[in-house]
Every structure is written in structure tokens, then in C-alpha cells.
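Below you'll find a set of structures to go through.
The following pair of complexes shares a single chain, subunit A, combined with subunit B in the former and subunit C in the latter.
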Partner chain A sequence: MQWNGEFLAFFLLSVMAIGGAVFMIHFTRVVHMVLALAFTFLSIAGIYVLLHAEFVAAVQVLIYTGAVSILMLFGIMLTKHRTSDHSDSRSRHQLLSFVGVAAFFGVIMWVIYHTPFSGGKAETAKYTVANLGEWVFKQYVIPFELTSVLLLAALVGAVILAKKERDA
Partner chain B sequence: MQAWMWLGPVIMLFVVLGFVTLAILFERKVIGWMQSRIGPNRVGPWGLFQTVADVLKLLLKEDIVPQKADETLFKLAPVIAFVPAFAVVAVLPFTDSLVFADIGVGLLYFIAISSITTIGILAGGWASNNKYALIGAMRSAAQMISYEIPLVMALVGVIMAAGTLNLSGIVEAQKEMWFIVPQFIGFVVFFIASLAELNRTPFDLPEAESELVAGYHVEYSGFRFAFFMLAEYVYVFAMSALTTVLFLGGWNPLFGFTFLPPLIWFLLKFSLIVFTLIWIRATLPRIRVDQLMQLGWKVLLPLALFNIFLSALLKEIPGIGSYY
Partner chain C sequence: MPVTSYLALGAILFSIGLYGVLTKRNAVIVLFSIELMLNAANLNLVAFSKFGLHPSQVGQVFSLFSITVAAAEAAIGIAILFALYRNRGTVEADRMNSLKG
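What follows is the complex of A and B.
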């Protein structure tokens, strides 16, 4: 493992992403939680940039950090009941959770270290927007179209649901 | 190269701050002129130091954090609002050599990063624990989300014509014809949507002073307030520069007048956009909330979609197809 700029950036970004997630669980006020979550989303976008997936990074910021976080903030602010979430702290319950989490961590680490990662390194320099567009519209055009039909169906469904509520 | 890497952004920060100082003075002067007033003329020659004096006054003011406010978030919100405003300046190409980060998805980067500011505004409005601030923040977020969609859709025509998301590439593609001519519908939709994104009149509902006192920054004072204003004016800078790059051909000269350097051409077009923004502010009244959403979803979005369809169709016609 070389200690270069890329590794340092990856290290910082992963700490930021995990830190945001930990803070999201730790905070008691819901608005703070969403902001911590937005921070995690932003850090993940940074990791995408490190992988030369600039398009995915930009879309990640646009959709997750921007739209999804704001949508959640909206929902929380407009529904003001229970602004903070106080969890009961029973020590036995906490101990049990700790054991469970530690066991899960052990299993995950064991699996990671015992899984052989086959295949060479991907050439990330090829992942430009132009190539991405060509792949989506040539090689993967059928899944792409199916996704758009699915989204259209969801959109129509949402409109119908909203209309029904207004009539009632 | 190394020294330039570090010094460049610092110089850019001062350029942007200088622009903000001058732009506020210019705005007050132009609006004064349009309303048959003189405008600021007391501080310095021609009122040149008025904004400097205003900023100094803001710096000297007491820094107030309301007792019932969420203190951490209240202090953090101006930072969240300002940092993206300056971060988007990185991808703007001023001339073919004067660009900080020439990344492949420059246009998407701009749109994506600028959407983070909304979180800062929303957080500031909520943390103030004030109903006017919250309503202002809500309006701002709703407006920015709604107008981001026509904004991006209007750009699809430009992206299709240029064949790239790189901003330098988009300017290069306008050597023959600026995109404002073939993409006129796109330009109109983009310009209206960008006015709404900038929260400027006639779309300044988030800070409508007659109904909301001042909107999301009503509880802010001193330097934190200055930061919100700064973010707003830095976005004016960035959005005007983006409009220049996307539709007015960036640094490309008009009629082949190459005796003016590219940077001067860029500044001329850029100043024209800034002047138009101020002109619109002095001319149009503020629109109502319901009209705002109607305009965004029922007029601008269909127009933008029609523009995409039309561009794709005209691209196939021989003769004029090369302009699309």
C-alpha cells in the first residue's frame, strides 16, 4: 500500500462518509440527522471522483445531496410533531447490541479477507461521459428503456394517488 | 505551476469579492438612474466606497445568536450557503487558457454544486427558530427545486448541439454561431429559470420584505448576514458567467473583431447579463407564490421539453442542421 495523495484523499473521504453516518445515528434531532446524511452523500460523491466516475459523482450530488436531502428536510420541517428522538438507554440492551454488531463486523471482515477478487483492474480512464452515453444507448438500451417505463409508471401512479386524496 | 495552483484561487476570491462590491454599487446606481434618483453619492467619489462602508458597518455590528435558536446549525448555515457559491467558480472558463478546473462534466458540476446552497438556506431558516425565517426558507427551497428542472432541461439543447458537457468545449462549439440564435427558446427558459434560482426579482419571494420581513436571514446580523448576501451575489457572478459561456459564445468575438482580447469580450458579454439582471429587477413586480409554481411547471418545463424535441428534429435537416 503506497502512501500517496490518492490514498490520503480516499482515507479522508471514507472517514467523512463513515463519520457522517455515525453522526446520523448519534444525533437526537431529526434535522441534524438529515444534514449528517447529506454530508455522507457528499463524501461518497468524492469517492466517485477518485474512481474517475465524474458523471456519477455529479449526479450523486445533484440527486442525493441536493434533491433527496432537501425533500427529507421539507417533510420533517412541515410535520413538526416529535422534533427530537430520545432513545431509552438500557445497559443490557446496549451490551447485547454491541455483541451483535461486533459479531457482524467479524463475519464481514472474515468474508472480505477470504473472498478472492478475480479479474484485473478496470481501466477507469475510459469511463468518460461520451463512452457512458454510448454504452447506455447502445449496449444497455433495453434495460435503460425498461427503467424509464418503470419510472413513468411510478409517476402516473403518484399522480393518481394524489388526485384520489383530493377528491375524497 | 505549483505557485499558480495555490495563488490562483486566492486571487479569484479577491476578484469575486471585488465584483460583489462593485456589483452592489452598480445595482444601486442603475436602479437609481431608472427611478430618476441619484443613488449613493456620498462616500468617496461617485459613491465608489459606499459598499465598502456598508461591509465595514456589517463587520462592526453585534453578532447576535437568538436564545431559542439551534446554535451550531445557526452558525454553520452561512458557511454551507457560501462554500458552494465559490466552489462553482472553479469550472468557469474565462478564456481558453484562464480556467481553473477543466473537468469533463463541468456543466453538471456547476448545477450539482449550486444545489447544495439550498441546504444552507433551509438550515439557516430552520435554525433561526422564527416563523418568517422558516417560511422564507421553505419558499426558497421549493422555488429552487422547481426551477432547477427547467434550468437543466433548457441546457439539454445546448449539450446536444455542442456534444459535450465540458464548458470549454461548449465555447469552442460556438465559434461559428452563438447558441443564443439556434437555441433561443432554450435561452429564454434558462434565463427565466436562472432568475428564479438566483432569488432575484421578480422571483424574490423567499425574501419578500413586505410579507416575510426579510425571509430566511431575518434573524441574522453582522458578518453572518453578510455571508448570505455574499453567497447571493457570488451566484450572480457565477450565473452570469455561465450564461455567457453557454449562450453568448464565451470569449468568442462578435463579427470577428479580434483586436479586443478574449477576456475583454468575455467581460463585455458578462456585464451585459449583469446589467440585464438589474434592469429586470427595476422593471418587473414580484409574482405571487401560486403564479410562481404555475410558471415553472406548466410553462417553462413544457417549453424546455419542446425545445429538446425541436433541437433533435432540426439537427437532422441538412443545411441548418450543423447549427444544432
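What follows is the complex of A and C.
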């Protein structure tokens, strides 16, 4: 593995992403958890740039680090909660979860590193935003329109669910 | 970078998200951990749009759709949490046991 700019960028970004996620698990104050995870989402946008997916990176920054994080902050600030999320008397549950997740992680990593990968790299020079738009609006135009219907349904549903209920 | 590095990063993030879903009590954080797991899956989609036998930009299209669905899911989840909070007065995930027999 040679030390070039791509390796350095990948190393830094993945350390930032994993660090944010681990801090999310480790922090006790809920707002800090959300900020740590927003940092992770920002790092994942950098990883997308490394993979020649610039548009997806921009969408990631706008949707995740922008919209979803702010939505979660609203969710925390509009509900009353204990500021710290301390989980005493659940150490057995935590241990069991940790063992299960570790086993799952081990199996996945074993599969990833022991499966022979037959394939090459794509010609990323053709991965432009214009080509992406042609994919979305030519071959995948029906899923695109269905997505707009889904977003409309989600909008109406969220408004109806969060609205104050009238006493009947 | 080989594709295995990206897949390993995705697996690590997915596992951390799964651990968060299983152990955190605050339902907002549980929802956010689910978003982390969805992000790990998106990372795999984008990685396989660059590497593989038939790499093409369709992987990025799929990840765009998945980001959209995840955003809708987050909005609905928060709305359900608000409704639940109004009725039960709590967002602790382990006190939502009305359906328990």
C-alpha cells in the first residue's frame, strides 16, 4: 500500500467518520451525540468525493449534515428528556448487545477480506453530474416520480401525526 | 484504495450504528443510529459504482434514492415520536411498552 494523497485522504476521513460514530456511542449528553454523528456524516461526504461521486457528496452534506441533523436537534429540544443518557442496571443488556454486534462484525469482515474480488475500476472520467442526470431522468424517471409521491405522502403524514389532536 | 477498505469502513459504521440502536434509550438517538446504518449501506452502493465487474453510475442513482427515502423516514419517525411524547410523556425507548401483553 503506497502512501499517496488518496490513501492519506481516505485514512483521515475514515478516522474522522469512525471517531465521530464512536464518540456518539461514548458521549452521555444527547445533544453532543447528535453533533458527533453530524460530524460523521460530513466525513462520509468526503469519502464520496474520493469515490468520484461529487453530486452524492453535495446531497449528503445538504440532506444529512444539514436537514436530518437539524431535525434530530429539534426532536431533542422539543421533547423533555434527561440531559444525560446514562444506562445503569442495563450492563448485561449492553454486554449481550456488544457480543452480538462484535460477532456480526467479525463475520462481515471475514467475508470481505476472504472473498476474491474479481473486477476492476471504472472509468471515472465519465462520472459527471450531467451523466448522472441522464441516468436519473431517462432510465430511472419512474422511480424518480414515485419518490416525489413518497416525499409528498411523508410531508402530509408528518404534519398530520405531529399536529395537536383535537379533543373529540 | 482497494474496494475492501471502503467495504470495511461501511461494515464498521454499520456495526456502530447497530450497537447504538440496541443499547441507547433515547428514541431520537435510536432513530439517528438507524440513519448511520443507512449511510453505511449507501457507502457500499457508491463504492460498487466505482469498483466491480460492471461498475456504472447507477450505484450513485440508487444511493440518491436511498438518501431520499431515509430523509422521509427520519421526518415520519420524529413526527411519531412527537405524537408518542404527547400521549405518554416520554421518549425513552424501553418505556414504550403499550403493546406488550
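The rule is short, and it goes like this: the second predicted complex is superposed on the first by the 141 of 168 C-alpha atoms of A that agree within 3 Å, B and C clash if a C-alpha of one lies under 4 Å from a C-alpha of the other, contacts with A are read in each partner's own complex, and residues count from 1 in each chain.
The definition used in the following text is that a residue touches a chain if its C-beta (ideal position, glycine included) is under 8 Å from a C-beta of that chain, and two chains touch if they have at least 3 such contacts.
As the structure is a computational prediction, the values presented were derived from the model and not from experiment.
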First (subunit B), second (subunit C), both or neither touched by A:91: neither
Which of subunit B and subunit C A:50 touches, first, second, both or neither: second
First, second, both or neither for A:59, with subunit B first and subunit C second: both
Larger contact residue set on subunit A - subunit B or subunit C: C
Subunit B versus subunit C as contact partner of A:33, first or second or both or neither: second
Contacts of A:67 with subunit B and subunit C, given as first, second, both or neither: both
Those residues of subunit A which subunit B touches in one complex and subunit C touches in the other: 55, 59, 67, 71, 74, 78
Subunit B partner contacts - residues on subunit A that touch it in the complex: 29, 31-32, 35, 38, 42, 54-55, 57-59, 61-62, 65-67, 69-71, 73-74, 77-78, 128-130
Complex contacts: residues of subunit B adjacent to subunit A: 70, 73, 103-105, 108-109, 111-113, 115-116, 118-119, 122-123, 126, 134, 138, 141-142, 145, 148, 164-165
Touch list for subunit C against partner subunit A, complex: 1-9, 11-20, 22-26, 28-29, 31-33, 35-36, 39, 42-43, 46-47, 49-53, 55-58, 60-61, 63-65, 67-76, 78-83, 85-86, 89, 91-92
Subunit C contact footprint on subunit A (complex, rising order): 6-7, 10, 14, 17-18, 21-22, 24-25, 30, 33-34, 37, 40-41, 44, 47-48, 50-53, 55-56, 59-60, 63-64, 67-68, 71-72, 74-76, 78-81, 85, 87, 90, 93-94, 97-98, 100-102, 104-105, 108-109, 112-113, 117-122, 124, 126-127, 131-132, 135-136, 140, 143-144, 147, 150-151, 154-155, 157-159, 161-162, 164-165
